[in-house]
Structure formats: structure tokens, C-alpha cells
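Working notes for the structure below.
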Amino acid sequence: MRIGLLTGGGDCPGLNAAIRAVVKRGTAEHGVSIMGFHNGWQGVIDGDAQPMSREDVSGILVAGGTMLGTARCHPHKVEGGIEAVIETAQSENLDALICIGGDGTLRAASKVHNAGVPVIGIPKTIDNDVVGTDSSIGFDTAVSIATEAIDRLHSTAESHNRVMVVELMGRHAGWIAVAAGVAGGADIILAPERPFDIDDIVKKIRHRHRHRNFSIVAVAEGAVPAEGSSWKPSETLDAKGNPIAGQIGAQITQAIEEATGFATRLTVLGYTQRGGVPTPTDRLLATRFGVAAIDAAVEGNTGVFTALRGEQVQMRPFKVMAGKTKFVSDDLLDTAIGL
Amino acid sequence: MRIGLLTGGGDCPGLNAAIRAVVKRGTAEHGVSIMGFHNGWQGVIDGDAQPMSREDVSGILVAGGTMLGTARCHPHKVEGGIEAVIETAQSENLDALICIGGDGTLRAASKVHNAGVPVIGIPKTIDNDVVGTDSSIGFDTAVSIATEAIDRLHSTAESHNRVMVVELMGRHAGWIAVAAGVAGGADIILAPERPFDIDDIVKKIRHRHRHRNFSIVAVAEGAVPAEGSSWKPSETLDAKGNPIAGQIGAQITQAIEEATGFATRLTVLGYTQRGGVPTPTDRLLATRFGVAAIDAAVEGNTGVFTALRGEQVQMRPFKVMAGKTKFVSDDLLDTAIGL
Amino acid sequence: MRIGLLTGGGDCPGLNAAIRAVVKRGTAEHGVSIMGFHNGWQGVIDGDAQPMSREDVSGILVAGGTMLGTARCHPHKVEGGIEAVIETAQSENLDALICIGGDGTLRAASKVHNAGVPVIGIPKTIDNDVVGTDSSIGFDTAVSIATEAIDRLHSTAESHNRVMVVELMGRHAGWIAVAAGVAGGADIILAPERPFDIDDIVKKIRHRHRHRNFSIVAVAEGAVPAEGSSWKPSETLDAKGNPIAGQIGAQITQAIEEATGFATRLTVLGYTQRGGVPTPTDRLLATRFGVAAIDAAVEGNTGVFTALRGEQVQMRPFKVMAGKTKFVSDDLLDTAIGL
Amino acid sequence: MRIGLLTGGGDCPGLNAAIRAVVKRGTAEHGVSIMGFHNGWQGVIDGDAQPMSREDVSGILVAGGTMLGTARCHPHKVEGGIEAVIETAQSENLDALICIGGDGTLRAASKVHNAGVPVIGIPKTIDNDVVGTDSSIGFDTAVSIATEAIDRLHSTAESHNRVMVVELMGRHAGWIAVAAGVAGGADIILAPERPFDIDDIVKKIRHRHRHRNFSIVAVAEGAVPAEGSSWKPSETLDAKGNPIAGQIGAQITQAIEEATGFATRLTVLGYTQRGGVPTPTDRLLATRFGVAAIDAAVEGNTGVFTALRGEQVQMRPFKVMAGKTKFVSDDLLDTAIGL
């Protein structure tokens, strides 16, 4: 058997751990050949691949990024893309193609599968917004990095009697802001799931500063003002509709300082959230996903993706996640906001 | 309302985060009084408690250990213990008692509940062996510490062509050894769930050393030899039946060195696995458990414990966990061993 | 004896460790009273102080920030400031005043000393630009945080074929950028000590990208273009002449992207560089400085500051540092740039 | 020119950073050839070497261990060893040999140099006991790891009212125990430089436990009882005179528990102290040493070693360090013990 492997979309910690698991398990346990495609779907379209051995993946368990490279290319959005993928699958004699990616990569994976190339997905995204799995590769590490930053901001906020605003990733769903905000003890957490009213924030900060002299505000980049709220930020999205780093954070920072009179400072974590050594939890998840994916490939169980459900890793059909976004639950939002 | 709170059994990272959540949510959201008992069940027996305010728990989110102290005392094993607990509950006018603890503490909690004092449990144990919840407070941090140690051993093992044995906690269940072993890329993982044969280990190491010059062996302190295996360690338990730190690791280390001729060295992580700053994941879990427990207490939902199930925290009856041990699943053991 | 103690200027990791050392050594070894002033010089002017005991400093060794608070207030720049300090010193019966601070705080300390209040300085600054000491409190931690960020940017830069620009603190001297840049393996390091020419940077990046597909650029916030260079950034300073966070970084990022055509992204570390748990090296330095300062105070050796020189902590007269800035040496700059 | 390079003795974090600096600076700046010998002096004796390019050292800056391997082999203790080294130097046409190592490796380096092969030394040792340099590669990382362990032990010691003994490396000199003990806030620090009396320790712990309920004791493996002290440990050295891991710690633990009646527990850090990712401080030091060494080699300045003196890296003659051990100064010991 010959199994293809790619990583697509934005990189994140744990991709290499998943690659390693697929290759080690595939070659040692199942005796199959693994072809690694470079730069995500682009490599499949171009037929740019390398055979992968145990030696190739030696030592990459702890490495951030992806040894295969990645790109934000989707075959169904490229003229003749799907056809090129089919052609490569045939010329490379692939029995299945394992795609490690987020939202966009897995949507492409589903379309490619429907076009006749057997595909298996492994969800990765620091945003944790893939439906059907408790967690995706990269999320735990991103939360860990964001929480460490909030920990550090605490001491300087307190020493200088400041409001500290920290802008975190999370365009559609506020998982990082909520998880890191709770873990780091942020006083206010703004997630896209709960549109905010700046007046409430100001009131809460003023109230808090009667007995404490500082506050921490964790803001997801996708945070939006509530309908009818008095204050609205000016444009925070770029031409493609993506959040511009630092935009929403900067405007909220200014609004808080003006309304409260408290010195308010902004920190934008940016790309440090998606790089570097994965946490043990992400390495374990990535390894389990990689093992489950190659096992499924060998069994011919395709059109599915690896999903963590409780303590189990299960294979679930693509349609479970199709076109949906996993939002932070009301319960967890209440926990985050009620503390 | 008045709610009691205690931490029992061995300490672990995240206890203070749970205490903080109970106190903050209880006082601010529900307006109840929280009485914190010192040194676990001992404090309840002695009536040794303090009222707890938001100020008391300020800044403890990241602190290891427990601000309430803890002890390995079980009221049902102490003459008149249960009666003393009932008396304290009455004299303190407690509507419920929230017990943060492992196996032993929660077994006591169940007995106290059956004796008429309404109790709610919050599971904590670095061993992760409490049945009915995906995870317990302290486990993620212990895995994180153990993995970091394995990461460090890798480089010195490789530079010196050595076999490195690391003994980890886990008396009945091998969760830390399996999770940290997989996350750290250990070559051999020994858990109580899979009795080992030293001959297999030696064979695997010899085979591996044909192309790599080092190996990492992760050993749970409760690892046991398979029935009928040629080699058995001499006594590794103390008079109370608890593993003596370093015993099983030392004997396996010696056996490997003698059989393979490769220089083999032992590291015993010991108490560093249960102390210090909790991971963000543990802080989040502890906070969610604390919030769920105080909410249940206020609703009068007692005789239950907080359980993580997938993405949800649920309240489950004590009988779910009663007298059982959560073992590592065959699936996960296969993943661990097959890589 | 009664000794005053204050922390002034921006906070940084290690201040609490120094406070703890002064208090523990002062009370236990020397039997003197320590008065801690709140919010830097402001507290001395206002006579706002607390007596400090061993219990007060228990557990603060690892805490970021400063338990005494701090402020950017200089008595010689305040109407009647010096007089108020003298008055407080008399009314509080101070035999000496220990001032933990950077550039500005220690300049004030020198002036206060000359006005008749015996003063001892302890240098702290993440910028490491105090003359006369090998290192100042906070620098090692700032380098550690900045290096970890660069480590993380490496993997995402490589996976996405990007140029990553990271803006670090360092207004007059480039110590953080140079130390973290070398430690993190940055390809280009821009420090105020070596004015840059954007054309050289572009050329170096283009050259590098013939065989590697990514680059890391570490920029001190005080980096300046060389005289006569073709490209100059627009204004990067605020009305007070302080660098505006993100300004120089953003403009360099844009200039590189436009000139090279390579996707170029900016990260601004900001306040996370000055908060949180100090490194062991900073805790040790702060403790040694605190011990040396209180010992000097008891001996009546004032008008001096603690200085690390090689392996020794020495007391040096204020005039050694007066009005000067410690720049990165040519040697170290050559090491940084030549790799 | 052709320059040889080896790493000898025990491995430690930062060796790869030094290797990388020698190779990058040597090839790019000076255009010389670098030959890397495998497994320390053994590789020179055997003529086992590889040419090293920039590509070979790409990505190793953060890697623990040594890519060249190492061994505890000293040519002057091997029959015909020096002669074999001379022969290899001639057959490989070496203009100089850069030796990265501790005490033993550098003593050999000096002897080889005197025998006619031009040698340059780079000191590395987690023990920090090389004379003539403020610090050696690996020390800062070892202190960092040891301090983190002490931080973790604090919380569990406090929660359980325990005495925690931690045994750290340091056979002749107590640098790690003193630096990590001070940085971690250990209550008692035992270094070889200050022979201990168990009665004093017991007294100090008893005194402390009147107001605090726990203590941390940091013990260097080379700690020795004072002459005439009532209690002496039984043999703690192996046949070669090296400390047996855990021996001195275990005996002190038992003695404290018996004399005080307080529950006392031992942690032995062992090999984790010498592995893994180097701290930024060690990476910077290693890089500066590597650059200075290759620059000296190219200039023909041999028979010297790289030394950190204050903020400068200087080249010093081998005789400065010959046959001596750098002990912790009285000043620093007083700081450690007086807090």
C-alpha cells in the first residue's frame, strides 16, 4: 500500500508529532509506504512528494512547524485543482491520502474524497473550532503560550496600577481567549460568541478598581460589539475579511483608557501563539490522531477524520464537521465571565 | 447557606485553583459562606476551619499545593471519625461539604454522605485513575513535568550512547508513564496494566541499538513482571504495600545493563511530579470543577462528583467511581507500545 | 537602625527577590528595622511607608512585579521633592535609604544622597544599560522571554517561508535584541549601537533565501537608520521622545516585504518582557544585591550602588554610573552580526 | 587552514551551540575547514572525523547534548594516546584543535598542546568549577533545572508539613546547590566548601518549624561532614571515588527524620540536570566562546582557553586553570547561608 500525507493551512505545534506517528506506525507496524507532499495541497497538485522513512522523522516529535511545509492552497478553488489531485493520486498509486489541517484543508479533503480519492482527515487548529472533536492539534499549546503571557502581564499590571489588554487569536470562536483567560485569571474575557458592550466593561473595571488597582482583559481577535451598543470599533478586518492583528485590541484599549482614566496598555501575542515546542498534551493527541489515521487508512476506512471524544479517539465521517464552526459553550462562557 | 470545603490526600497542582473557584463563585455569584477546613478530613474531625473570602484566594490560581493544607486521614478509619464529622457539620451549620481529593478522600466522602452529611466531590490525582471522569486535577501537570524530564534525558542518552530509565508515579495505573512516555518519545513504556517480560525489553533494546545508539525506558512505579517471566524484582513495596521510590526502577536498570552490556542509568522523578505551578489545562479543569461543585451545592445536588466528559463538566453519583480504578485503555497502550 | 527601601521606575522580574533579601538579612542578621515605601519616590515624598518583617516577604522570591509598587516619579523634578524626601528621612529616622531602580531612579538617588540623605542604589533594568555593573536585575529574564519568542517564531517562519520581524525593548542600548537575537539564532539583529541600512538588510535576506526559505529579524525599539541611508522610517517616538511600541518594527516589516517580495510578519513582545517569574539567574543576582546593599547600609557605606563585576558583587560610588549609558560592546555586536 | 573540533567529558546543554558557532564563524567569516571528531579524544586517537559545513549545524542551537558525541577518554591515560593524537593531527593536516570540555578534557588539551599540537580550550561543566572563567557552558542551565525542581518541592513541602531534601550535582564544588538553593529559597544549603554538622542542621530545622511548617534542604552530592561532627554518613563513593547518586542525600534525609521527627523526603535530580534545551544565557555564552575560539585559532593564538571575565570573553593560557578547582566564594556561601 501507498499512503499520501500532507499538512495544510496555518502551521501549529504538533504537526510534526502527527507526521511522525503516521510514518512510524505505517512503516513499522503495517509495512506501507508513506509519500509526504510538500506545502499542503499545492504539493499534491504539483506532484511534489518524498518517500518517508523512520529516519526522516527521527527527532521531530518536539519540533514546532511542519517538516513537510504548508500553504494556504485549496484545490477546489484552483482552476483544475481537483483534477490535478486525482492525477497525482493515480500516478503516485495512492491507496489513501491523510490530510492534517484545519477548517479549510479538511473542507478541501472532503471535496477531494467525494471526487474519488480516498481521504482521511486529522484536525489541527489553534482556534479549536473544528466540530466533532473535543480538541484539535495545536490548541493546548496555544492556550499554554497565551496563559503564560497573561501570567506575566499580571505582575506588571499590579505593580503599575494598570489595565492590561491582551489580544489573542480566535477569529470565529473565542476558545483561546476563554481557556487562557480563565487559566490566567483574566478579569474580563471577550469572545466572538458573546458580543460585548464597552459600557459594561468600563463599569466592571471601575467597580473592580475600588478594591484592586489593576485589571486584565483578554480579547479574541474576532470579538465584536453587541448590537445597539454605544461604542463600535472602526474597521478591524482586511480586504479578505481577516482580522488585522492588533486592531480590535488597540481600539478597546483606547476606549477603556478614555472612559476610565486608568492607564491601559495593549499586548498583541500574534505568531508566537502558533510556533515552537508542542505541549505534552498536544504531542500525545497528535500521536494518537496519527496512529488512528494510518490504521484507518490501512483498513480502507476513508472519508473520515480522527476525533477525540472523551478518552477515545474515534473515526467520524466528514459530514459531521462540514461547514460548521465549534463555538465555546454557554456553560464555559458563564464560567469564564462569572469569576 | 454555608458550604464546607476541604482538600484531602496527597497534594497536587491545581488544588488552589479549585479552592479559588469555589470561593469566588460561591461568594460573588451565590452569596453563600464558605468554610475552609484545614488538613483534609482531620480538620473536619477537629472542627478546625476558617471563613473564606475573595481576598483569601487572591493570587492563588497559579500556586501549587493547597492553602488549606492536606492530610492522609480518612474519617471512616478513625475511631468515632464519622460521628465527629457529623457533629462538625451540625455545629458549623453546613448545608454541604465540598471535598477535593483522590481515591481515598472521595471514598470517605461517599461514606460521610451516606451517613447524612451532604457531600460533593472534586476528583484530583496525578495518577488519573479515578473512574467516571476523563481527567482529574493534577494529571496534566504531572505529565508535563515527566515529559520535560524525558525530553532532557534524550540528549544525554544520545550523546553518551546510554539506556536511560526513568521511574514515574503510578501505582495501580500507568497513566503518567504512558502519556509522558508517548509525548516524550520513550522507546519502552512499562505500565501496571501490561506486565512486562525483561527478556522482551532486552531484545527490543538490542534490536534498536543496531541502528540507534540509545534508548529511553519509562517505568511506572507500579510496573510488574508478567507471570512466568524469567526475571522478577525483589520486594519493591513497603510494609503498607506502597511502592518504595526508586525500587522497581533501580532493579530494571540493573537487569538491562547486565543483559545488554549497555551503560544504563536511572532517574527517579519523585515529588517534583506533584508540586509547583499547574499547567493552564489543569487550572482550567480545576476552575470548571470548582464552579460546577459550588453550583451543585447551591442547588442541593449532593452525593455527586464533578466529572469531565468530553467537553462537558457533569455531576455524577459517587457510585460511578466507587471502589474502581481507571486503567489505561488497550487502545492507548497499543499506541504507546507500537511506536 | 532604621533603613528605608523603595522600588522605582518600570517594574521588572526580580524586584521582590531583592526586597526579600534586604528584609530577611536586615532583620535576622543585623536586627535593623526596614521601612518599605510605596510607589517609589512618591511614597518617600508622601511619607507613605510600612514596617517590613520576614513574614511580609515570605513567598515573594518567585513573584514578578514589586510588592511595594512603583512609579515614574523623580523627586528632583517635582517642586519641593528633595525637601520632602529629606523631611521624611528625618521624621522616619532613617539611617539610610536603599533604592532599587534603573537609570532615572538611581540618578534621583544620587541627588538625594548629595542633599544629605544617605542612599544606596541597586540597579534594575531589563535594558541592561546601567554603567558600572556587568548586569542589572531583570535583564536575564527579559532575554529569556524574548529568546523563547524567537524560538517559537522559527518554526512558523520555516513552515510558511516567511520573514519574521520581532520588535524587542531597548531604547538606547540593544542588549535584549543582541542577547536574545544571538541566543535565538536571529539572522539579522538591529541595535541602536549600529545604525542600519535597509538595503543591506534586504540584500542579506535575499542572499540567505537562495538556500534557506526564511529569516528572523530581531529589532530593538531604539534601532535607527544609518546617516545617508536611502530609507528612513517616519516618526517612531511619542511626544515625550519615547519609542511608540510597534512603530519601528512595523515600518521595517513593510520595507522588507516591499523590497524582497517575501511575506514578512511582525511580532511585538511588549510588556510580557518585563513581567512574571524571574529566572534563577535574576533571583540570585537580586538576592546578592539585596544582601550587599543592606550590609553596606549597616556599615554606613552610602553613596554607592551594588555592582556585579565578574563573580563578585562590589559597592561602587554613584559617580561611576552618572549620566552614562552602557552600550553593547563592539565585540559582542560583531559576534551577533557575524553569525 | 584546517581546524579540528571535539567535545569531551560529560555532555551538557550548550555544546551544540558552541559547535555551531565554531563552524559558522570558521567557514563563513574565515573560510577555514572544520573537522569534527567523534566521541571526544577517542575520535582523535582513532582518526574518526567528519568535515563540517553550515548545513550540518543548522538547527542545533537549541539542541541539548552534542552532535559529535562524547566520551570520558583522556589520551594521556591511554597507552600511546598522545602519539596517536599527534599522528591524527598530522595526517589531517590540522592547524589547531578546539577542545570543548571540562576539567579532564582541558587537562588533556594542555598536555596535547605541550606535546606539539596547537590546542584551544572551551570550558564546559555544569559544576562550574573551572578556574579562570566566571562561568562555563552548561552551568546556567543546570541551575535553572535545579531551581525549577526546588520551586516545585516548595508547594508539596508546605502542603504536607514536610522536610524536603534535594540532592544536586557538584562533586568538588557546590555551585549548583548554592546558586539553585539561593534562587529557589532553600532553607539549608550543603556544599563541599563548608563541611556540615548534622546537629546544626537539625537545630536550624527545629527552630524554623516553630513558625513555619516545612523546610527545603539543598545538598551537593559532594557535601561532607565537618571534622569532629557526631554523625557521619557511611560510604558515599564508588570504587573510582565518584559519588554514588542518591547516597549522601538518602543518609541526610534519614538522619534529619530521625532527629527531628518531621516527615522528610528525598528527591535526586540526577541526569535531568545535564540534558535538554540550554538556557538563552548558556546559548549566548557558548556562542561567544565558539566565536572567540575559532578567531584565536585563525590568529594562531593557541595553548589558551576562552574565559568569561565580567562582560568580556578573553583568551587565557591553560596554566591559569591547571590542576585547580574553582570553589564557591566565602561571600556567596555567606549569602546562601545567611538568608
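Chains here go by letter, A, B, C and D, matching the order in which they are written, and residues are numbered from 1 within each.
Heads up, the rule we're going with is that a contact is a pair of C-beta atoms (placed from the backbone, for glycine too) under 8 Å apart; a residue touches a chain by one contact, two chains touch by 3 or more.
Not measured: the values here are computed from a predicted model.
> Provide the labels of all chains in contact with chain A and in contact with chain C.
none
> If you check the contacts of chain B and chain C, which chains show up for both?
A, D
> Can you spot which option in A-B, B-D or C-D is basically A-C again, with over half of the contact pairs the same by residue number?
Matching more than half of the contact pairs of A-C: B-D.
> Most remote chain relative to chain B, going by C-alpha centroids?
C
> Could the interface between the copies chain A and chain B be described as same, meaning over half of its residue numbers are common to both, or is it different?
At the contact between chain A and chain B, which are copies of one sequence, the residues are largely the same (over half shared).
> Per the centroid of Cα atoms for each chain, what is the distance between chain A and chain D, given in Å?
41
> Roughly how far is chain C from chain D, going centre to centre by Cα mean, in whole Å?
Each chain reduced to its C-alpha mean, chain C and chain D end up 29 Å apart.
> Could you give the separation in Å between the centres of chain B and chain D, each centre being the mean of its C-alpha atoms?
35
> If you look at chain B, which of its residues touch at least two other chains?
Residues 148, 151 of chain B each touch two or more of the other chains.
> Which category does the touching pattern between chains fall into here: line, ring, star, complete, or other?
ring
> Give every touching pair of chains, nothing left out.
The complete list of chain pairs in contact reads A-B, A-C, B-D, C-D.
> Can you tell me which positions in chain D touch chain C when the two form their complex?
Result: residues 21, 24-25, 28-29, 58, 61-62, 134, 140, 143-144, 147-148, 151, 179-180, 182-185, 212, 279-281, 283-284, 287-288, 291, 309-313, 329, 331-332, 335, 338-339 of chain D touch chain C.
> Touching chain B in the complex: which residues of chain D?
It is residues 10-11, 13, 15, 63-66, 69-71, 145, 148-149, 151-161, 164, 245-246, 265-268, 270-272, 274-277 of chain D that touch chain B.
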